[in-house]
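Each of the next two complexes has subunit A plus one more chain, namely subunit B in the first and subunit C in the second.
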Partner chain A sequence: MGEFTFPYFYNYPPYFTLQPVKDTREKQIQLWKELILRFCKHHKCFVIDLEGEFALFENTSIQRKLSFEAREQFLGALIADGRAEWLDKNHRKCLILWRRIQDWADLLLDFVRENGIELMTLEEIISGDETHGTELAGIDRGVLIRAVKILEQRGRAAMFKGSSTDDDGVKFSPN
Partner chain B sequence: MRRRPGISGLQGAAQARDQYRSLGDNVAKVRQDQMKEQLETFRHQLEEFASKHKNDITKNPAFRAQFHTMCAKCGVDPLASNKGFWAELLGIGDFYYELGVQIVDICLATRPRNGGLIDLEELRSLLAKRRRAVSITEDDCLRAIGKLKKLGGGYEVFSVGRRKLVRSVPMELNRDHNLILEIAQPRGYVTVEEVQSELGWTHGRAIDALENLLKEGLAMVDDGAPNGKRHYWFPCVGPSSSVESEAEL
Partner chain C sequence: MEACGRVLQSVQLTASGRPSLEAGEVECQLLDAIDLEDDAGAWALKAGILTLTTHRLLWLDEKARRAWAVPLGSIGQVFASKKGLKSMFSAPRMRFQVWTQKDGRVSPQGSGGAAGSVVLTIVFKGRTGPESFVQKFGEVLQAQAWKVNMEAPQIRPTLDESAVAGEAGTSSVPTATVPRRPAPFKMNPAMAGVSGILRKEQEQQEEVDKNMKEAFQDLNGLMGKAKEMVQLAEKMRARLLQGQTAGADEEGMGTKQEMQDWMLSVGIASPVTKESAGALYHQQLSRQLADFVKDPVQRAGGMLALVDAYCLFNRARGTELISPEDLLTACTVWATIDVPFRLRKFDSGVMVIQSVSQSDDEIFTRLRALVKSGDAAKVGVGATEAARALGMAPALAKEQLLAAESQGFLCRDDGEDGLRFFHNFFIDISVATAFEDS
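And then the complex of A and B:
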């Protein structure tokens, strides 16, 4: 994982204030949406807590940080694009889909095909030796389950319950 | 000529006048022919020079500028037409045509960020980076923009303080706006109070002009300054404008 490169606007103070003029604000939101997705992808971050600290939302080198309202707007715009979802009713925790569920499903299928895998527990996919160093490593459990469900619908996988949640697994029929 | 009386005298005078006139005409014609010939030779030589130094003209900015000065002194405008022998010989029309296209490109690409106003120096360095091998001078940019101007679309260069800005969208920029851009230059932003104190304006006038610049998309507000004062930033001027923009292009 290389160093994350911030875009020019991240060091330009007004981008940390929600812009009052509509056109300018739309451009600002667009830039932040792209940045949030790219940042989360780079750091494999799936959930942003609006009330917690999130490194991206504060740039200490220029002493600026996003207001609560700005964070809410940017995440709201991602949700409208289908690239994020609120995880709770109070809209405090936000799931960031820097890769769509659909694309996670494809990635998973490609992985088991290439490696000739037929059986894996969810835990193995998330943090096992086989996926270590691949893009699948560190996948959010909730996201993984939804990706598997898509494969189930396509008849490419079947989920089974283990004796504990750690043993929940997937049987793949990739071909 | 001594005047002689009588009809024959008058006739003689008329005859002499005719002779003088035809002689004069002859002389004028000879001169004109000579001039034509000289012009032809000159044109020929200029063409020869241009085609011989075609590479230098397109590659070397200093040479190009000198060539333009020379042409201007002779009253020749190699950019006037893209159809003439210049275009065929040199593609010099093409040179500025291409430059113009790239300028439009950069103006469009940076517009979301700067609202359609870009520092000429920033534009020049972006152009130079894009073209890599061939260096571009301010003079080249001005010529290319001059051509764009004829196409409409609001391309124009104007001065703010010591800098030149290129405007790529039609907008109303009055003297007040210009003054604000000028005092914003050193740091890239101003506060209402600074506008008032530096320009001796009332609060209303300062707010009015700043709000206008905001609406035009040329300014952005920043409410996060440690001193709590609202900063009005101008992406088209100031230290931050030319530094990090490359990544986006």
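And then the complex of A and C:
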């Protein structure tokens, strides 16, 4: 995994000021949505905390950072697109779906098919040897569970409880 | 030429369509819906604006932009209006005799150089009756202000350094016709050299002091002094200009420039007042304002904040101050008459007087070029830089930046250095290809 390459306009100060003119702001929001998704995907980052520091939202080389209002706007736009979700009532923690749940489910199914796997614990999928180096490694637990549920509905998987949450697992029936 | 042109004097109009006045001439009263007729029926001017000034009687057709004048000096007898049955049913009239020269034109010298006379009639068809006009007419005729003005050119040379010396020999002859005239200087050794200049300066200072003291004793006195003050201002300006061409002393230059600017703004000799213009007040004020703001607007880069215009205008008017509402109304009237200015309100609520010739497109083009040039492309453009580039006040330059932003030409950076504007790169970027490099 190489360094994330920022687009050239990431160094333009106005990119960090919420633009008041409608057309300009819409374009700005689009550019930010795309950048957030790409950045999170690159860094396998699933949750952005509005109140915490987030590297993307501050460009120290030009000494500019997004205001709280701007962050809210951009994340809100992602949520409207179905590419993010609030994790709490207070709208402070935001789950970024840089890959849709549906696509995660497909990816998981393809993986078990290719490797002929029938049984895996959630932990193994997230950080096990089998998934190491694949796109599945490091998947958010919540996202994984929802992906598995989609497979359950399709009759391709069944969740089972283990003795502890670490042992919760999935039985796949890929074919 | 119209028939009346063989008798009356033609009058030049200002850009806004007001009659241009002579030096020292002051408007006393304005009436609309006035006919001016030759009693013998040779010609008649219908439904115009009649202006009584201290020097002339002016008849103006606003639509056709023509004006004619009868110098008050040519007026002989004024006939009392006949009280009769007829006068109850027709519009009020006033008849007066005008002396004419051999060629039939009005004779400004009065009966002296006159070869004959005609009788003219003013017909009052407006709502305002003739009573106050007739009274004022009498007052003005009695004051004979035009005679003072004819002497004026004789005063001027004494304001000039070189002429003072030339006149020294004859200075003992008092010119009684000019009241309150400063005593001419005699050439003597005490007046020579730097100390002489300083002394003269001091004498002038004392003269000014005296004038000020007298002026403040009562307001009527002040009004009487107003003209003298304007003359004084002009005199000082002329002297300053002289000093400048000679490149006299570098030190005083800044203050001189300041003084000169100040002097230039002194003196609308004949301010339009509610008293003189009555119902025509706002319209006439509007035209006078249009004439007045020409220079300041040009100097301010085609745009002048209304607040600044208010201050300049009132300072020039001296004692006849107008209210902000009157100014606003006067500016609004511009939309209905043909003057090269308009009132403009920015989204922020800031109001400015803008020259019609100044187009927003031109300003936007200049701003767009500005934000792309040199350092501005990196650090943006603030109100101060824009003001310098556009030659206007920072507050107005900021309005222009905001206007250009709302048009989508610029975008903003609200960082630690305050609000700065950049070329709107957002519009140039296509989201589909923006991230291809990354």
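In this section, the second predicted complex is superposed on the first by the 175 of 175 C-alpha atoms of A that agree within 3 Å, B and C clash if a C-alpha of one lies under 4 Å from a C-alpha of the other, contacts with A are read in each partner's own complex, and residues count from 1 in each chain.
Here is the rule we go by: contacts are C-beta pairs under 8 Å (C-beta built on N, C-alpha and C of every residue); 3 or more make two chains touch, one makes a residue touch a chain.
Because the structure is predicted, anything quoted here is derived from the model rather than measured.
Q: With the two complexes overlaid on their shared chain, look at subunit A and say whether subunit B and subunit C clash or fit.
A: Superposition result for subunit B and subunit C: clash.
Q: Counting only touches as set out at the top, which of subunit B and subunit C does A:60 meet: first, second, both, neither?
A: Neither partner.
Q: Would you sort A:35 into first (subunit B), second (subunit C), both or neither based on which partner it touches?
A: A:35 contacts subunit C only, not subunit B.
Q: If you stack the two complexes on chain A, which partner ends up touching A:27: first (subunit B), second (subunit C), both, or neither?
A: both
Q: So, does A:175 touch the first partner subunit B, the second partner subunit C, both, or neither?
A: It touches nothing on subunit B or subunit C.
Q: For A:4, using the defined touch cut-off, is the partner it touches subunit B, subunit C, both, or neither? Pick first, second, both or neither.
A: So A:4 only meets subunit C here.
Q: Once chain A of both complexes is superposed, is A:164 in touch with subunit B (first), subunit C (second), both, or neither?
A: A:164 contacts neither subunit B nor subunit C.
Q: Which partner does A:90 reach: the first (subunit B), the second (subunit C), both, or neither?
A: The answer is neither, since A:90 touches no partner chain.
Q: Pick out the shared contact residues on subunit A: the ones touching subunit B in one complex and subunit C in the other.
A: On subunit A, the residues that contact subunit B in one structure and subunit C in the other are 5, 7-9, 12-14, 16-17, 19-21, 23-24, 27-28, 30, 63-64.
Q: Can you check the complex and tell me which residues of subunit A touch subunit C?
A: Those residues of subunit A that touch subunit C are 4-9, 12-14, 16-17, 19-21, 23-24, 27-28, 30-31, 34-35, 38, 63-64.
Q: Could you please specify the touching residues of subunit B with respect to subunit A in the complex?
A: 112-113, 115, 189, 214-215, 217, 220-226, 231, 233, 235, 240, 243-245, 247-248
Q: Given the complex with subunit A, which residues does subunit C contribute to the contact?
A: Answer in residue numbers: 380, 405-406, 408, 411-416, 420, 422, 424-427, 429, 431, 434-435, 437-438.
Q: Quick one: which bits of subunit A touch subunit B in the complex? Just the residue numbers, please.
A: Listed in rising order, the residues of subunit A that touch subunit B are 5, 7-9, 11-17, 19-21, 23-24, 27-28, 30, 63-65.
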